[in-house]
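What follows is a group of structures, each given as C-alpha cells.
Paired with chain B in one complex and with chain C in the other, chain A is shared by the two complexes that follow.
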Partner chain A sequence: MKRLWMLLLIPLLSGCWDSENIEELSLVVGVGIDLSKNKNEIMLTQQILVPPGYSLQENQAKLKYKNVTVSAKTLHEAIRDSLLLTNTVLTNHQRILLINEEVLRKIPMEAIINQSIRDNNTRRSCFVFLTKRPTKDILERADDGEIPSNVIYELKDNVKRTNKILPPLTLGQASSSLQSDGSFAIQAVEIKGGKLILQGAGVINNSKLVGLMNNKDIESLNWLNGSVKGGIIETTHHGTPFSVEVDKRKRRKIVTELHGNHLTIDISVGYTARLSEDWYGKENSYKESYLKEAERDAEDKVKQDVEKIVGKLQHQYKTGVAGLFRYVQNQHPKFWEEDKEKWDEIFSDADINYHIDLEIIDFGSKGGIK
Partner chain B sequence: MNERDGKIVSGELAAIISCGMLGIGMLTLPRTITEKVQSSDGWIVLILDGLLIGLLVCLLVAMLKKHQVTSYFTYMEEAFGSWLSKIVGLLIVSYFIGVASFEVLAMSEMVRFYLLEDTPEEIVILTLILASMHLLTGRIKAIAKVCVFFLPLTIVIVLFIYLLSIRVVDLKNIQPVFSKGIMPVMKGMGTGTLSFFGIELFIFMFGLVKNQKKVRRGVLLGFFIPVVLYVITYVLVVATLTVPEVKAVTWPTISFIQSFEVKGIFIERLELFLLITWILQFFCTHAIYYYFAAEGMSRIFNNSYTTNLIILVPVMFILAEIPKNTIQIFKMSDMLGYAFPVILIGLPIVTFVIVQVKRSRRSR
Partner chain C sequence: MESTFLHMNLDQSQERLKSILDMQDDVVFKEVYIPGYDRSGLFVFVNGTMDYPAFNEIVLDLSAAQVKTGHPISIEQLVNSKICSVKEEEINTYEKANEQIFDGKTLLFIDGMSTGYVLNLEREKTRNFAEPTTERVVRGPKMGFIESLKENIGLIRQYSSHPKLIVKQQKVGTLEKRELALIYYEGKASERLIKEVNERIDGVKETDFQDTGMLEELIEDTSFSPFPQIQNTERPDKVLSALQEGRVVIMIEGSPFALMAPTTMTMLLQSPDDYYERWVAGSFLRILRYFSLFVTVFLSGIYISLVSFNPGLLPTELAMTIAGTRENVPFPPFVEAIIMELTIELLREAGIRLPAPIGQTVGLVGGVIIGQAAVQANIVSSLMVIIVAITTITSFTVPQYSFGLAFRALRFGAMIFSAVLGLYGTTLFFILVINHLSKLTSFQEPYFQPMDFIGGKTWKDAFIRLPKRKKGGRLS
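Presenting the complex of A and B:
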C-alpha cells in the first residue's frame, strides 16, 4: 500500500510545466515606440539579444542583437504580432523603453506605458527615455557591435559626473508621477556623429509632451531639483574662465509660504565644491578671500541659471516639473487638497527664491601664488 | 518530553500565530488600507489597530485562563449545549475551510501571474493541498516545527529585501501625517483589522500549550511580529509608489520590489525571493487553517481526524475553483473578512458570559 502511494506521487515530480529552452526565448533588452505610417497605429521595435555562437554560419559578421519591428493598434497586440517573426518574447530583462516625441504629442503617456506597468514580467525599474529620431533608428545604431540598449543603459550612470543628464526615470516613477501631478522631465537620447548620446529632455505635463529642453536647461533644472550629484560649474572671473567641481550636497531646505492663493517658495541649498580649473594668471588660492570670491562668482552663475529655468517653467511650459508640489502638499495639505487641480497656474504665479551656498573646500594639487 | 502528547510550547505558539497571520495580507495590504484612508496615514491605522487588538488579546487570554479552557470545542459545548455548539462549531469550521481554500487560491493566482504561466492552476492548488495534508498527519506538532523553521527564514529574507530597497524609498511621499485629519484614520481602522487575519486562531490553540503561564507572552509575540512587518511594509511601499499609484496596482508589495534592481550581488531582481518565501507563508497559513478545520470536524462528528483530512481535500479544492477572476477572489476575501471579527471578538465574549453565568449558578 505504501509503495502504491509513492507511485502515485511520481507524476508530481516530473518537472516543470513552464520550462522553455533558453535559446528559444527572445530576451528583450530594449523597446522603442514610434508612430506607424498606418493611421492610428503604433510601431513597436523590440531589441532582442542573440546568444553568441548561436548563428549557424561562423564567418558571418555577428551582431549581438536583432531588432523586430511591428505595427499594431495597441502595444500588446504588437508584442503578440512580433511572435510571427521571432520566438516567444520575454520582457523580464528589459532595461530601457524609448518613446518617440511624436508619440507623446499624440497619445497620452499613461496609455503608452500602461501595458508595461500591467505586465507581469516587465519590471518597474526599467528606464524610460525620449527620442527625437524614430526609436527604430536609435536602436539600430551599433558601435562596434555594442548593443544600443546597453549603451544607453550605461550612459545614464554618468549622472554622478555631469549634471547635464537628468536623474534616470524608471517606469515605476513615471507611472507614479503620472498618477499624482503628472508633470516631470524625461531624458532624451540622440545620435550625434554616429554615436548615441544623451542630449536634451522633454517636459511632460498631464501625460502629454509640452516642450523640449536643451542641455543647459537640464543643468539648471538639476540645480533647481536638488538632483545635482557632481559635475562642473563653469563661469568667469577677472575676465578668464574657471570651473568649480561640485562635491557634495550639504543641505537642501524648501519652505513654502501661502498668502491667499499666492505661493512663495524658498529653496536654499548648500554644496561643497573644489576649484578644479582656473585660467587666471594671477591666481592665489592660498588666500581665503580669493576662494570666497570664486565661490561668489560660481554661486551667481548657478543662481542666474536657475532663475532662467524657473522663468521658462513658469511662462513657457507652465508646469511644475521640479516636483515642488510635494513640498506644498506636505506643508499646506488643506490648500493642496482644495487647489491641486489648479497647481499649474499656482506654480506659474509663484515667487521662487533660490539661495545657494557653495563652499570651496579644496583646490586640487595646485594652488598657484603669484 | 513526550513528542506525541500533541502539546506545543509558547515559542511554537508564537511561530504558528505569526505564520498564520502572514498570508495574502502582506501583499495587498498597502492598497486595501490606502483605499479606505485615502491618504498616507495607513501606518498609523496599523499601529493603532495593532495596539487595540493586542489589548483585546490580553483580555481574551485572561478570560480563557479564568475558565481553564483546555479545548475550545468542549468549552463551547458547556456554553451552548450539545446541539447548538455543534452548529456554531460547524460555522467556525466552514470559516476555517473558507480561509484555507482562499489562501491556496490566492497563492495559485500569484503563482500563475508571476511565476508559472502555463501550469494549470488546478495542479498548483492540488499540490499544495496534498502537501499540507501530508504535513498534517503529524498534527499540531508537525505544523509547529514547520512554522518555527519558516518564520525566521521569512523575516530574514523580507528584511534583507527591504534593506536593499532603501535607495528608492522617498519618505516625502508618506508625509504629511494626518493630512486629512483624524477621521479617515478612524474610518480605516475597520479595514485595518482585517490585516490581522489569523490572530483568532490562538483561542483554538489555547488548550494545546504546555506551559500555560507563558501563553500570553507567546500570543503577543506571535502577534506583534507580523504587525511590525506590516507597518514597515506599508511605509516602504507607499513611500516608494506614492498614494495614487498604490491604489492603482493590484499587488503593491510586489510592484514595490520590482521598482528597484540591486547591483553587485549575484542576483539583481529580488521579487523572486519574496515570491518564494511567500509561497511558504501561504502554505503555512493554509496548513494551519486546514488543521483546525479537520480537528474541529472530528470534534463535531466524532469521527477520525485522518478521515476528515481526506474529506477536506476535495472540499477545499472545489471551493478554490469557484472564484473565476481576480475581482471575485478579492470579494471572497471580503466575505471572510466579515466573519473574522465575529470569531475573534463576538464568539469568545458570548461564550465567556454564558459559561460564567452557568458556572456561578451551579456553584450557588
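Presenting the complex of A and C:
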C-alpha cells in the first residue's frame, strides 16, 4: 500500500509542465507574409482570434480578431518577436497562409513555407493563397463581425459550384509540389469593392512566381486538368446566350505517348451536365437533337478555352502547371527519371489533344416544344 | 454448560423457568386448564413474536378437550393431536427451553410430563412485497425481495418449481444467529464454484451480518478495487436468470438484497429491461450504457486536457467559444472541474439522506442556484456546468448502483491524471483502468470477459442484445 502511494505521487513530480490554459493562448487563424520596409526582412502578420467575452450585449460591435504585425529576418524569429505583443501563439488552428507576390518574386517559396512545414503545430491542411496587395491589408478587410481569414477559408469551399476557383492548395501539397516538379498554380485573393474576393492566380515554377493568370485562365486550367467540380459553361447558340451547369465528372483519361523526346498528351474527359439557362425563344428541349446541339456548342467553347490556356502555358509561362507531369512519371518512369530536369521544355513542345464529352441529362423544370 | 432436566411438576418447572428468565420482562407465562384430564398446561413465549389468533385456537382446542368414552386416549396423544400443525420438536432440558424461547418459539409444558413441546407460533414481522426501489424497470416484473428470507425463498420457489433448485441454509453469526441461504441449480453451477463459495462463507461464519453488503465485502476476491465483484439485486427475475446461468445466489435473513456470484463487468451493465423489450431497443440502450460509462469517467478529464494542454485538437470555433466562456474565470480548468464535480457529488449525497420532500429542494438549490450563480459570478465557466451535468446524468444510467459508484469515484482519478499529463494522462488512466479490470477476478472467473461464460449465450450478448433463439429446456 505504501508503494502504491509512492507510485501515485510520481506523476505529481512532473507538475503540469505543458499546461497552458486556452484563454491565455493566441489562436492564430491566418498568417500573412509581406516584404518589410527594412531591407532583407520579412513582415509577418498574424491574425489572432479574440474570445467573444462573456457579456455579449456590451461588446457586440467589438471585432473578434486582432492582427499582430512584426518584422524579422526569418519567420520563426518574427513569431517569437510577436510574443512581445501578445500571448503565446498557437498555430494549430491556422487556416490560411497568405503570401504577397513581391515576396515570391524575391524569396523562393520553399524558404517561405519552410518554417510552417517544419513546425508540427501548423497543420499541413492549412491553405495557401497569393495576394497582390500587402497581406496586411487583406487581413484587415472584412465586413463587420467577420474574420477575414474565415471569409477566405470559406470561399474556397465554393469550388463545387464554380470553376473559377483553383482546387485549394494546402501547405502539404505546396510543399510536396515544390519538392517534386516545382510548378503549380496558386489561387490569389484580392480586394474588390471593399470586399475580399478570390480572383486570379499565380504560376509558381521552381519556387518562383513566373506569371499571373486571370479568372478565365483558371477556368480553362480547371477544364484542362479535369478538376472541374461544378460551375457553368456559358456560350451562345442561335445568336442567344445559354448556360450549361456541370453536374458530375464521369471519366478522365490522360494518356501520354512518347516519340523520342516528343511528348503527346491525350486528355479525354466526360461530364454530365444540365441545361440551366436558355435565352433562345424557340427552344425545344424535349427533342434530343436540340440538346445534342447545345452539348456540341458547349463542348466547343470548352475546347477553345483549353486551347488558349495550353498555348499560354506552353509559350508564356513555359511550364506544366496542370500537374500533367504525374502522368508522364507514371506512364514513362524511365524517361521521367532521365529527363525530368527538362520537363518544362518537353512540356512546351508537347502536343496536347483535348477531348471533352458533355452529356446534358436534364434541362430543369422548364422546357419548350416549339 | 450442565444441562438440567425438566421437572415433572408444572409448578416446579414454572418456578425454575422464572428464575432463569428473571431479567426478561417480555417473557409471558400463560396457564391453560385441560378439563378432560384435569391437568394444567403452561405456555411460555416472548411477547412480541406471538401470533395470537393461532395461539387462541390451540388454547380453545385444549380447554374444550373431552375424554371420549370407548376409545380413551392418553394426555400425550391428545396434546400431540391438537398441536401437530405447529409442533417443531420435544425438549427435556431447561437450557434447550431457554434457547428456543428466544428463537421466537412457544413452549408448552403439561403437568406430569417431563418433556416440553416447542411450538412455532411465530408471526414474522415483514413488509409487503413491493416494487424494488433501486432497480426499477419500465417493463418486467414489479416484485422485489423483502427482509424475510423465508418469504424470499418462497418467491424463488414459486417461480422455479424445478426439483434441482437447491436451497442450502445455515446459521451464521455469533451474537445474532441469522439464516444464510445458498441457492443454485444442481448440474448448472459448477462443483468448483459451489465449493469455493462454501469455503469462503465458512471462513466468515462467526461474523454478524446485518446485510448482504457486509458479507459481500468479506467474501469478494480483493478489497483493493473500486469495482464490486459480486452483483447484488432486489429483483427475483434477476436472481432466477442468474441461477439459470449457473451462478450461485446468496441471501441472508433480514436483507432484501441477494448476492449473485460470480460476476462480470458486462453483467453489471445489463438491465432486465434489455431482455423484455425488443432486441433493437435493448441493444441500443446497452450500447448507450457503455458510452455513458465512458462519458461519466472521462468527459471532465478530456475537457481539462483539451482546454489546458491540447487546444489544437478542438475545432477552431469551439476553441473560441470555450476561451470566451473561460475568460473571466479565475481558476484553472482542473480546479474549476473539481469544484463543480465535488459540489454535484455533495448534492447527490445530501439528496439521498434527506427526506423525499426536502430532497427535491436540494436538487433545486443545486441545479438552479449553484449552477446559475456560479456561472454568473464567474467562478466556473458555463461549459463546465454543462459537462458536470452530462457526467452526472450519464452516471445514473448504470443499472447497478454500486457499480456506478465505482465510476463516480474513478472520475476524479481521470481528472487528476488529465490535469497533470493532458490527453496523454487521460489515455494513461484509461489503460490503468482497463489493466485493473482485466486483472480482476470474481470467484476466480475473469471479471472483464465479455461474455456470459457459463450459460449458452456468447460474447455477442455483451454489447448488443441479439434476437432470442428458441431454446429447449434449460436443464438436462
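Details
Basically, the second predicted complex is superposed on the first by the 350 of 370 C-alpha atoms of A that agree within 3 Å, B and C clash if a C-alpha of one lies under 4 Å from a C-alpha of the other, contacts with A are read in each partner's own complex, and residues count from 1 in each chain.
The criterion applied here is as follows: contacts are C-beta pairs under 8 Å (C-beta built on N, C-alpha and C of every residue); 3 or more make two chains touch, one makes a residue touch a chain.
Everything numeric in this text was worked out from a predicted model, so none of it was measured.
On the superposed chain A, the positions of chain B and chain C stay apart, so the two partners fit side by side.
In the superposed pair of complexes, A:18 makes contact with chain B and with chain C alike.
By the touch criterion stated above, A:258 is placed in contact with neither chain B nor chain C. Applying the stated contact rule after C-alpha superposition, one finds that A:107 touches neither chain B nor chain C. When the two complexes are overlaid on their common chain A, residue A:337 makes contact with chain B while staying clear of chain C. In the superposition on chain A, A:29 makes contact with chain C only, not with chain B.
Judged by the touch definition given at the top, the superposed model places A:142 against neither chain B nor chain C. Of the two partner chains, neither chain B nor chain C is touched by A:191. Touch criterion not met for A:210: it reaches neither chain B nor chain C.
The superposition of the two structures on chain A yields an angle of 50 degrees at the Cα centre of chain A, opening toward chain B and chain C, reported in steps of 10.
After superposing the two complexes on their shared chain, the closest approach between C-alpha atoms of chain B and chain C is 5 Å. Overlap of the chain B and chain C interfaces on chain A comprises residues 12, 16, 18, 92. Contact residues on chain B toward chain A in their complex (touch as defined above): 113-120, 123, 127, 130, 172-173, 175-176, 179-180, 240-245, 248-249, 255, 258-261, 269.
Taken in their complex, chain C has these residues touching chain A: 307-309, 311-314, 316, 319-329, 332-334, 378, 417, 419-422, 425. Put simply, chain A touches chain B in their complex at residues 12, 16-18, 92, 117, 120, 123-125, 170, 172-173, 175-176, 179-180, 326-327, 329-331, 333, 337. Of all residues in chain A, those touching chain C in their complex are 11-12, 14-16, 18-23, 25, 27, 29, 49, 51-54, 64, 90, 92-93, 95, 121.
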